[in-house]
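Down below are the structures I want you to see.
Okay, so chain A shows up in both of these, paired with chain B first and chain C after.
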Partner chain A sequence: MEFIFYFGDVFTPVNFGLLLLGTIGGLILGATPGLSPTMAVALLIPFTFQLEAAQGLILLGAAYTSTVAGGAVSAILLKIPGAPANIATTLDGHTMAQKGEGAKALQLSFLSSAVGGIFGVLLLIFLTPVLAQWALAFGPSHLFWLAILGVTVIGSLDSSSVVKGLLSGCIGLWLATIGFDDIMGAQRFIFHPALGGGINIIAALIGLFAIPQVITMFAKGRRNDGAEVIRVQKHPISGAVRELMKNKRAMGIGTITGSIIGLIPGVGGQIAGLVAYDQSKKFSPDQHKFGTGHPEGLVAAESANNAMVGPSLVPLLTLSIPGSPTAAVLLGGLLIHGIFPGTDLFDNHPDVAWTFINSMLIGQVLMCLFGLYVAGMAAKVAQVPHSVMAAVVLGLAVFGSYSVQSSMGDVYVMAGLGVMMYFLERFGFSAAPLVLGLILGPIAESNFIQGSMIASATDGMAPYFFGGTLNIFLIVVVIASIIYSAWMELRARRYTSKEEIMA
Partner chain B sequence: MSDMSLPRVQHIIGSGVVAAVGIWVTWVSYTQQPSEAFLFPRLIATVFVVLALWTFAKACLGWTRVGNGLSLRQLTNLAPGLLVALIYIFWAARGLGFYTATAIAFFILLSLYDPAPHGEARSWVRRIIITACFMAVMYGLFALLLKVYTPREIFF
Partner chain C sequence: MKKLLAGAAIALAGLTTSAAADGHANYPERPIMMMVSYGAGGATDFQARIVTMTAGNEDALGMPIAILNKPGAGGRVGWNWLATQAEADGYTLGAYNIPHFIAQSIKGGVEYSADSFEPIANWGADPAVLVVGADSEFNTLQDVMDFASANPGKLTTSGAGLFVGHHIAALQMEKAGGFKMAYIPTKGGGAAAMKAVIAGEVLAGINNLSDAFRAREAGNVKILAVADLERNEFLPDVPTMKESGLDVDNSSVNFRGVMVPKGTPQGVIDKLAETVPAMFENTRVAGKMKAGGSPMNIMTRDEVLAMWAAREETLKELLAGL
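== the complex of A and B ==
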């Protein structure tokens, strides 16, 4: 119950102001198609340099929560999901809006997001300290396998091709080795002076998430694809609350499904929403109404994608393993303040950890309150032409990456990685495993070197890295995740693709 | 070149480049000294090169199922924007000054991709206003609020 002691810290004028700013800004950014939560959080990191660690995390956490919820606005009013997490929301949400129930759909979406989100953050509050203590038992070999697990799980589960996902992870791990070696001081793979200090994580994150989006907007040309926003009629909030109470089963299924999926590294909100929608349909007596503007489907999808947010931070805050690309970006936000997740965070910086987690809880309520009022404005932002969006995001990416260390080298790295990622994405590679490799690479390497030293002084490499229950368990999970994903990839060819669902 | 063969050729080129990088990384990892500094890169490089060559072989055999490549239309659409962005980042930001280069690049990109007709005076005024507003926000955020010192070369 330590979190209660730090509740008051959320309400200091600066902290609460940042929470409001992150929430409102996140709702607007989330509603903008093409601005994913990960990209929004990455672009915000440079603004947190001059803030204290807790303040920076409050801003980033609020933006993360609200962008996921804000994505529902464009999903409902434009049939364009603001974020991948909102794909399932379009299925019934947009149909409701077409039937003149746009306001009701938005209200239901924010209310169910808040319920799911609060449950998810409570799970984060109660699970994190327990797991952080458990993490104390981890030695270098376990941490090495955990880092590898982080890359392989995301590489295999987040990509449409297992081989390309794992290859992306390898590219990320290799990029992490560029620069001077920590122990011997040897130069490794420095083929340009800008890489002398290694690859700056923040510049890399901005490049990998923002630049491919900018080039994708360029590739659309001068086409005017501004979607038409469906106008909403007024609807009493009390009516939406009553409707939500009628859909308790869908809300329960969505919340539990989202929370469980959030805990699994690599399985994002997109999957949480779709699985919750599917499960809710299976258990509903009104199965035939799903897809025709049925509130049950909307409630299940939205409660799931926000319930996923809190649990997705559990592996990050306990084991330093970011469970999702957005969590990886948040890890970057922690590292720039010299704070390492795990026991260090809860033992040495409990004020930072708990103020951040508590702010996410309050943020869910604020997101719901403001979401209902900002929705109209957010829908207008969603109509901003892509020519303006591309130029704005490019400008922010350049200024943001430069401000990390006032270095043009970081801007070059950002641009180089961004352009490379765009072309890699066109050939089926995914940014998420590459980012995870880049972030987890130093953790994997330092523990591998430490482990090698211990192993050479004791039993040797094989017994040290491949022996012991925990090592074997982690290795089995690594192999199982790859085999499972390969099997799913073969099966998936029979299933409807995401594009077909959207059509 | 037919539309069907275009992605296949692109996949061969794309995965070929990745495989070449993989081979280079492996070669460097196994030949550079001190070997202790390259212990972890060797581990990564081995997996990297195996997966990269596998992907390349699949592309050559036409077995690639993921990734649509780029159509000629997409390439011609993105080329001018990408060129402006690269000139802005790799030369103009340093050569002209950060804010001047950003304003010029922003305005050019806006003009290149704005669906509004280029012959209309009103649309040009709108683009100038949007550019001015964006620059004011960027200056306020980075120069005044975050106090980031940016390169100021020929111009501001």
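== the complex of A and C ==
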């Protein structure tokens, strides 16, 4: 209960001002394609040189929280996921926006972000010591099985057929092998210097999601001049709250999945949204509605990606191990003030630790309020003609992919993948499984290599990968997931016409 | 139009000659960029931002230095860029990590070598240390050596990757002690390697002194030895490997500093070599570095040139058999 004593510190004028600044700035940065939460926090670090430790962390924590949520804005309105965390948001969020429900989608996404986010921070406050042990329990063999579990999701994710889903997953897995392999240093498929660093995930995301859309808009040409891409109907906030209440199941699944996955070092927020989306789809009676602008999918995805924020800091704050790139940047923010995370932080600097954590709690609420305000403004967005919209999205896509690591190579990758995806989409392939393959490939590969190296030095492959409660549990879940998908596929198998597949 | 272009060309030529003629006395005339070949928030990036924060002061360069991150492939992407694409005009600097880029250039597949760059000054030296979990049965380096000798290839030891300082230290330990370890490179850099030690996935680990120091403060690990010539001021109680009877020198120490691409005008190099070490000595910089647990070791251009040459020789010999 120690944290309550430090609530006052959040509301001193300077601290609260910084919290507001971080939240609003974070929303704007998050909504800008290419500026991932990690980048946003890293950009702010130099500003914290001049601040006190607690103040600096408030700014960074607020920015972290709200960039994750802000990414939903471009994901919903433009179909550009600002970060891997927002991939699942595009699936139902953008389709809702296309139906004119952009304001409702934004309201729902910020509300569920706040619910998930607050739950995550509460976990961080109350269960940190327990969670720290959990985070350590995942070794290379477990992470490998976890990645395989993710692979089993690929087939059923947002595709017209399982085979096509698996195929695009395979393309993603192949793309992930490009570049210098991180463990052995081998060069794979580097035909051009731009590929030396591998396919950057953010550049790939922007290309895969935004470019096919741009091409489609251009392809329509001037045929329907007055046509608008996003017409946003006004939607009352109370309606969004009621809608959220109707989706308790999705919210629960999203929040819990997000919290658990956020905890695991190295996997983190990248897949929290996608896994939660898939899980709530499996448990939902309205499965067929997912991907067609169904609020349930949006709620699951957004509550998951913000629920992961709190737990993702557990390994950093207790064990001094940054579990995600963003946590590594926050570590820098602590070190610059001579504070070492771990026991030192909670014993000797409780004012810093608890003020920081409390500010994240308040930050979630502020983020939600400002987010709802933004959603209201989106309703005033005038009708945008296709030609203008396409140009804006294309400009943002180039800007976003360049700014990830200031490299033209990433822009080429973005454009190349985007054009490829345009043609793939015409044949019923979908970007989401491809991206999932791209994310999971390196996790599965590096953990398998690492695990097999440890195994061959100790008791051998079989006991290492198949022994232990956690391994067996994960294997059972993997098998259950495969059986479930196969059963659903067989049950739903009908002689899909060629036209349906093409659609 | 042609006349205009010709005129512009002449004017441009005039500009360059006048710049060369005055020996770059006015350098720098605009802000400078420094490329860091690791991601924002990593140890190299973090330190680079601290040591350059006073660049804008009048007694330093008088112009700010902006950090540009070009991460990927263990630093290869950034250093390839600096060697082949960056302009050698003195406004593009780069951060180096020794032994990383020299070891990578010896292993091949990259477009740079130690000859592609001109060092300016060194700011930090982060030695590799041997760590074990807090509840490990190993208490001294001797315990670890005994285990490794009795169980060849069974001592699982995590490190940040292949051909980085940690790997070099492991190779040197094997060579000096005549035993075989199982070196496990991790993907997520030093942090992932440290997590493997704390979680008990591996028996031991080689990690950065700065990170290990923090982990020990948090009560998670024991630090058994430092792979350096002398004990470190952060860890006066931890012996060097040499003291414990393992002939390992400082070849694995992770030196960080500033360099420029080859072809940068000599006048600019001289100016930088003169001002940059003094900039690193600024008390504010030293204070922030110490607070962050980052050991400093300021070296001038001549010292760094000698260090690079010595490293290249040792690494060539060490990596020859791999």
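Keep this in mind: the second predicted complex is superposed on the first by the 271 of 503 C-alpha atoms of A that agree within 3 Å, B and C clash if a C-alpha of one lies under 4 Å from a C-alpha of the other, contacts with A are read in each partner's own complex, and residues count from 1 in each chain.
By definition in this document, a contact is a pair of C-beta atoms (placed from the backbone, for glycine too) under 8 Å apart; a residue touches a chain by one contact, two chains touch by 3 or more.
Model, not experiment: these values are computed from the prediction.
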Touching partner for A:Met453 - first (chain B), second (chain C), both, neither: second
Touching partner for A:Pro13 - first (chain B), second (chain C), both, neither: neither
First, second, both or neither for A:Ala137, with chain B first and chain C second: second
First, second, both or neither for A:Thr38, with chain B first and chain C second: second
Touched partner set for A:Leu319, first chain B, second chain C, both or neither: second
Touching partner for A:Pro285 - first (chain B), second (chain C), both, neither: neither
Chain B versus chain C as contact partner of A:Ser403, first or second or both or neither: first
Which of chain B and chain C A:Ala219 touches, first, second, both or neither: first
Partner chain in contact with A:Pro193 - chain B first, chain C second, else both or neither: second
Common interface positions of chain A, toward chain B and toward chain C: 46, 49, 183-184, 406
List of chain B residues in touch with chain A within their complex: 10-11, 14-15, 18, 21, 25, 28, 32-34, 36-41, 43-45, 47-48, 51-52, 54-55, 58, 64-70, 73-74, 77-78, 80-82, 85-86, 88-90, 93-94, 98, 102, 105-106, 109-110, 112-115, 130, 134, 138, 141-142, 146-151
Interfacial residue positions of chain A with respect to chain C in the complex: 38-39, 41-43, 45-46, 49, 136-137, 139-140, 179-180, 182-185, 187, 193, 196-198, 200, 265-266, 315, 318-322, 325-326, 328-332, 335-338, 340-344, 405-407, 442, 446-447, 450, 453-454, 456-458
Partner chain B, residues of chain A touching it in the complex: 46-47, 49-50, 159-161, 163-164, 166-167, 170-171, 173-174, 177, 181, 183-184, 186, 188-189, 214-215, 217-224, 385-388, 390-392, 394-396, 398-399, 402-403, 406, 408, 411-412, 415, 419, 423-429, 444-445, 448-449, 452, 493
In the complex, chain C residues that touch chain A: 39-42, 45-46, 49-50, 53, 68-74, 76-77, 80-81, 84, 104, 107, 109, 153-156, 161-163, 182, 184-188, 191-192, 194-196, 198-199, 201-202, 214-215, 217-220, 288, 290-294
